[in-house]
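Two complexes, one shared chain (subunit A), two partners (subunit B, subunit C).
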Partner chain A sequence: MTSQPILETRDLTKSFGSFTAVAGVSLEFATGQIHAVLGENGAGKSTLMKLLFGLHRPSAGEILLDGEKVSWRSSMNAIARGLGMVQQHFSLVDTLSAIDNIMLGAEVCRGPSLVGKLDRHEAIARLEKLLPSRSLAVPWDALVGTLTVGQKQRVEILKLLFRKSRILFLDEPTAVLTPTEIEELFSVLRELKAQGRTIVLITHKINEVLHICDTYTVLRAGKMVTRGSVSTVTIDHIVESMIGRKLPDFSVDRHPTTSDMVLECLDVKEESRAGRRASGDDGTLSRGKLNDISLKVHAGEIVGVAGVEGSGQSHLVEVLFGLRNVSGSVKILGKDVAALNSRQIRDLGIGLVPEDRHHQGLWLDESCFTNMVIGIEGRFLRGQIFQFRDLEKTTAEWARDFDVRASSLDLPVGRLSGGNQQKVIFAREVSGRKPKLLVCHQPTRGVDLGAIDLIHRKLIELRNSNLGVLVLSSELDELLKLCDRIYVFFEGRVVCEFARASFDRMRIGAAMTGVADGH
Partner chain B sequence: MGIDFRARVGALVPPILALFIGLSASLIIAAVVGESPLKVLEILLSGALGSATKIGYSLFYATPLLLTGLSVAWAFRAGLFNIGAEGQMTLGGVAMAIVGISFPDLPWIVALPLALFAAFATGGTWGAIAGWIKAKRGCHEVLTTILLNFIAYGLASFLILSVFKNPESQVPETAMVGAGYQIPALSGSLGNLIGGTSPLNLSLGFSLLMVAVYGFIFKRTRLGFYQKIAGGAPEVGRFAGVRIDQQTILAMFISGGIAGLAAVSPVLGFAYKTREGFTGNVGFVGIAVALLGRNSPSGIVFAALLFGVLTKGALDLDLDTKYVSRDLATVIQAFIVLAVASQAGLSSLWASLWPSSVSRIGRTAK
Partner chain C sequence: MIWDMVGDILMSALRLSVPILFAAFGGLLSERSGIANIALEANLLFSAFVGAAVTALTGDVWVGAFAGIAASVVVGFLFGSVCIWGRGDQIVIGTAFNLLAFGLIPVFTKALFNVTGSTPALSTEQTFHQPLVFFALAIMVMFSLEILFRFTRHGLRVTAAGENPAALLTQGVNHNLVRLRAVTEGAVLTGLGGVYLSLCQGSGYIREMSAGRGFIALAALIFGGWRPLPTFAACFFFAIADAIQMQLQGQKIAEVTVPNQFIQILPYVATLFVLIFYATRMRAPAAINRDF
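So, the complex of A and B:
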């Protein structure tokens, strides 16, 4: 590669007991380039980063910075030497201004350090000198809580620049951004690259990031399987390296949609102070509140809800399942659900794959068997008493339907991989419940590519067998691939609706940020 | 199977360790104040287990602990901390006395179920108040159950002293319950083989039966399943259509009801009337029983028997030692509870030192 690499690892290995999380990884990050580190969940990306940042000590191998061997005593050493990371989940104080957040821990003070006066002007002046262009600037005095997700991410990047980081690691940087915001992020990254900084993107979203990267490194099961220059590689090759096999083409027949309505929402609106207590309400600002939502799902149709997270998707799901009070009407399979409680609504024949697998979907300490009967345990009861033999036999069949891979279904579901956990939920909600309407919220979040492929195929299969499916996802590509129609949510409203024939990534992306173009 | 067996054996280690730590710490204290630890241990053991009568007394003291331990354990299973067993038991005892005084002539086959039902309903209602406040208003049950205890004491005093008072007694107690309500002591049965001349009575069998029913409910029934979901994964239950608020109220009702039943041995099996303060902290010791027994049926039986033995054994300390008194039993209990509590603390401390200290950077999606 070019010149001397700024950061290099040689046979880096980290074992935890008998488990080797990172096995003999040798890689180089050349100065002033953008590098992609790709791999599925559990491929060893996180452990590798922790090694680079001194949060783990290597079991074997070495790390070289500027050509010289380093051994970090703690992450403070690594940061002092110019490494910096933007984590996927931002660590910002919402109630402080942008500039205060940037300074936090490296404050510019006039006078003695503890009681000195914060010199924000000086901090801003220093910062602006560092900026490649105005595109990275944010309103310095605005409270971080009022910024958009894209701006918050820029604050995180600015924090690193302010600390003179030379190598910027970004963990899943595109996960929470809209297509427009992603483009903005990429132009910022290009400018930083032009300044001579080295950037490492850690991600499993190949399609989104690859074109701005110079090199790629693929990890699988702790080993580096391939690396090279982006200019000479195909996406298919990378996907194959990531999962260790070829994914079959995703081309499926779509049966025609019927006209039977399985879900109809009309003018659904949250009153102020709506929402039942104890509903796990996150104290959402008004932007997540539903405002005159009208939508329909027919049998044999996959309908998508696109939108930045927190645009009302979670509230909509709670409304559909009777967990949140609203005005307007919600009809499921022709029945108005206003007078029904959550159990009665569920028993109409409606399945749910909830957003938060670990809290809403699964009881992690309990066995797969147990998890597969939550909410539908009635069919395994004689009187009030569980019939375990029937339960274990039947749920094992459901697990087979969705190819749940576990050495035993007696295992606590928390020990399964993310993909298998999600399959357990699908097995329960589809094979177990046999619904007429299936609501999937972030159906493939944190799920490996193989399981994503399986889930997507199953959804199309269900659609073709005349099920109505509502998919709420922040992965636009997923929606484009699956849906017959897409509603775009923005600040609790439906801003527009697209039919499959008129899907357009950029226009849907624009609508997600509130720019409706009257469709 | 192998893993299962190892897990079962592994589960026994913490409570036994807690017992060992609690006992050793207390004996060290005894030694510090000048008493021979061996002598104390010997008095404890012979005092509690030295004869059929002494064993009978130990079991007699263990009987209400089985039920208050069960009460607290039920709430724990449903994710709730019932500190109100003391008050619920007090009111349960008062309810038994009221029924027994108001309908004195009923035959035992009607009388006993009626009294038990009244105690369960009363204790349960008292618990359900805290459950309702929690479910509808979000006020923590630890706070409300403690406060409800004081109201229960006051209410019980009023009823005992002003309404159902025993006119022939100087002691703050109710009149006697009818003959049909009186559970006879086992003494004399099988030639004093069981329980010697102690007041041990059939309430023990009833309490053990309740523990078994508890085990069955949580292992095999829908009720137990819902209660466990409410405790272990309320959000999962909520999205699956389980009404968690109802489960919370129900859990506190049942927990309070079981605590109300705990009055059966001291009231219907021994005094045949309800005295003020008859509970003697049994409701609070129930928390220790549930903790030490880890909410499992066999664990509760083990812990209740252990605390019964400690209570009885410690009585002789007053007479036979110079420097320690029966309060040593309380000290031992306190150390055991501390040991149990710090085991959870220690393991979470361990967990926080080991993997999560390294998970600050590069934490993946979930």
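So, the complex of A and C:
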């Protein structure tokens, strides 16, 4: 059972000035096992990985590979010795084929080396010898831009196999995958493990990965807090060590509520010409274009939109706020919004927690005070003069509602943690605007577990006080936990609608890939 | 009579297309690697000027031609280096190089020949007389580029550098060196176009003799979707517009004499229309004008 660890760290420490990102971490990764490295954002996971890959030099401590001390001069040393990493954001070239992407940088060539004629047959033959089974194969000649996210991830894994990596690090591997794709990934990982490879999963999504791992290591604030064998641990224990306290049980108390319609979309369809303002995510692709979307949100109900990212969620939000031209009708609080501009729509009583808080939600260099009144600053004006005392007193109350933790609300909001930034937005959109309809797009992306818990509780509370909430999220578990109903989007269409009584993780997951099987 | 005219126009388009073709292919290599190259005009001007000046000074057209190409390589290398390591906006840097060419060359001509802006006219022995050989060379370049991008390691890396440099960087390949090599190789091609201007199409350097061909080449390259074969076709289209313009000069159309100035703008109007109607549909290399 206790094989010689392939990779070890001893008291590894990295300081940046007075800040210690990694403090005396000692780890062991046993050969041929799957290891989970868990921790919240900012716990030191990425700094630790950069140390292991030679992108940072350790301030103290050592790294041992195969039992001998190593000190990397660059990441190339680490890669040459068999370490490989699949980043959360893939580094692939969409306009090149899968095989070209796989061999890029380690091309198989014939002829004079100045030009180098590619030998793709030889590259494919070599690669296929390395595969544990066909399940890891992708269409070699297909352009990577045409592959699914799951296939792209496999291309990244294949890049590592092609370079003979013995230890595979995967950073947040499940973040972008549908439930079906996650299962496929796990079967691939099991096969790679059977080949004797060592796999390290770096993640904060404990539920999703833990059951395929052999060991776990939890980091918090740069320190290793606990580690051990997965077979002897509970998820609650890991969550507790990740956030350093116990999360109270999330018992959902759902009051019956009135059922006034707050949002109704009927046959919303985008014309073939692109909208006035493309969102940039997939503005030119037809995949994210809305196609006969009909959905309803009542007061006192949380309605979810599930789907792979880019299935039309961003477009829908832009339509609701008047940024995109469509046919069909959109009624908010009974009022057709076609003729209204964004400001007028907002003033009907609709709050927005946008997808990308840095670009759409906050003014990062400005104080929390300022950020909490953007868009509603008019009510603190007397003539043309801001009533700062009133502004600061009122916003401080809003910040208290949402437990914004900052040493001072004068701080630029960019200096707060992701969770607190998100709470600032919630404070503005909910306490500030007092909306009848709240639209939350990826409400907990890049937010720590404590803040996620608070946001979820608040949303249920708001629902019970008769607010209509529309949540668009790529985190299926979040939707299952919060929603009364879920619409599943696929390629800009609603493929299914599920009521809370009939929620089923696998069926919703299948619908996200376009497989609809009734209601 | 009409067929004679079509023949004339085609032959003249063939000759006129050569500098645009070389500049467009030079720009293609550079842009596919992620360096937006609006300094093609500067490359053309410097190589045309140095080619003519060295020929005038040494009396040997071959020495002049090589010197002209070398000048373009130096300009391309400097442009690439400034873009890559100066980290400025490539469009601004390109504009600076163009302005430098407009300003610096007359200074040199004044110093060397005591004339502002041009070199002495070259004799027939001091110029090339085979435009078709240049044209054939351009066709060979086109096929070589197709092969480069489809079948070779260098082509693969150039594409990766232009689309997603991180894909190279994570494999330990320095995308900046890939880009610099591509820009410099492209400068060889553009240099050929410049040398053709002053040593084959003309005899000697005339002030600003490239007359916007660098920009027309850029338009052709965009029109061609950054691919060699369609770029070739686009260049030829512009050359035909230019040839028609030359045919029409001084001729009466329906008994009305059209002022020459209106006819001369024809190729530029064609460029403008093509850019307005087609260029926005073309997909540029994703990482163009970006470090990453």
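Assorted remarks:
Methods note: the second predicted complex is superposed on the first by the 508 of 519 C-alpha atoms of A that agree within 3 Å, B and C clash if a C-alpha of one lies under 4 Å from a C-alpha of the other, contacts with A are read in each partner's own complex, and residues count from 1 in each chain.
Going forward, a residue touches a chain if its C-beta (ideal position, glycine included) is under 8 Å from a C-beta of that chain, and two chains touch if they have at least 3 such contacts.
Since the structure is predicted, the reported quantities are computational estimates derived from the model, not experimental observations.
Subunit B and subunit C, once both complexes are superposed via subunit A, fit side by side.
By the touch criterion defined above, A:177 reaches neither subunit B nor subunit C. Contacts of A:75 after superposition: both subunit B and subunit C are touched. By the document's definition of touching, of the two partners only subunit C reaches A:106; subunit B does not. Seen from the Cα centre of subunit A, subunit B and subunit C lie 50° apart once the structures are superposed, a value rounded to the nearest 10. Shared-chain residue A:365: touches subunit B; no touch with subunit C. In the superposition on chain A, the chain among subunit B and subunit C reaching more residues of subunit A is B. Of the two partner chains placed by superposition, only subunit C is touched by A:115; subunit B is not. The superposed three-chain arrangement places the nearest Cα atoms of subunit B and subunit C 8 Å from each other.
Residues common to the contacts of subunit A with subunit B and with subunit C across the two structures: 75, 87.
Put simply, subunit A touches subunit B in their complex at residues 41, 45-47, 49-50, 53, 55-56, 75, 85, 87-89, 171-172, 175, 202, 277-280, 321, 323, 341-347, 352, 354, 356-366, 374-378, 381, 384-386, 418, 445-446.
The part of subunit A that touches subunit C in the complex is made up of residues 74-76, 79, 87, 91-96, 100-101, 104-107, 109, 114-118, 159.
Subunit C contributes residues 148, 151-154, 156-157, 159-160, 163-164, 166-173, 286 to its touches with subunit A in the complex. Every residue of subunit B that touches subunit A in the complex is listed here, in rising order: 135-138, 220-223, 225, 229, 232-233, 235-245, 357-366.
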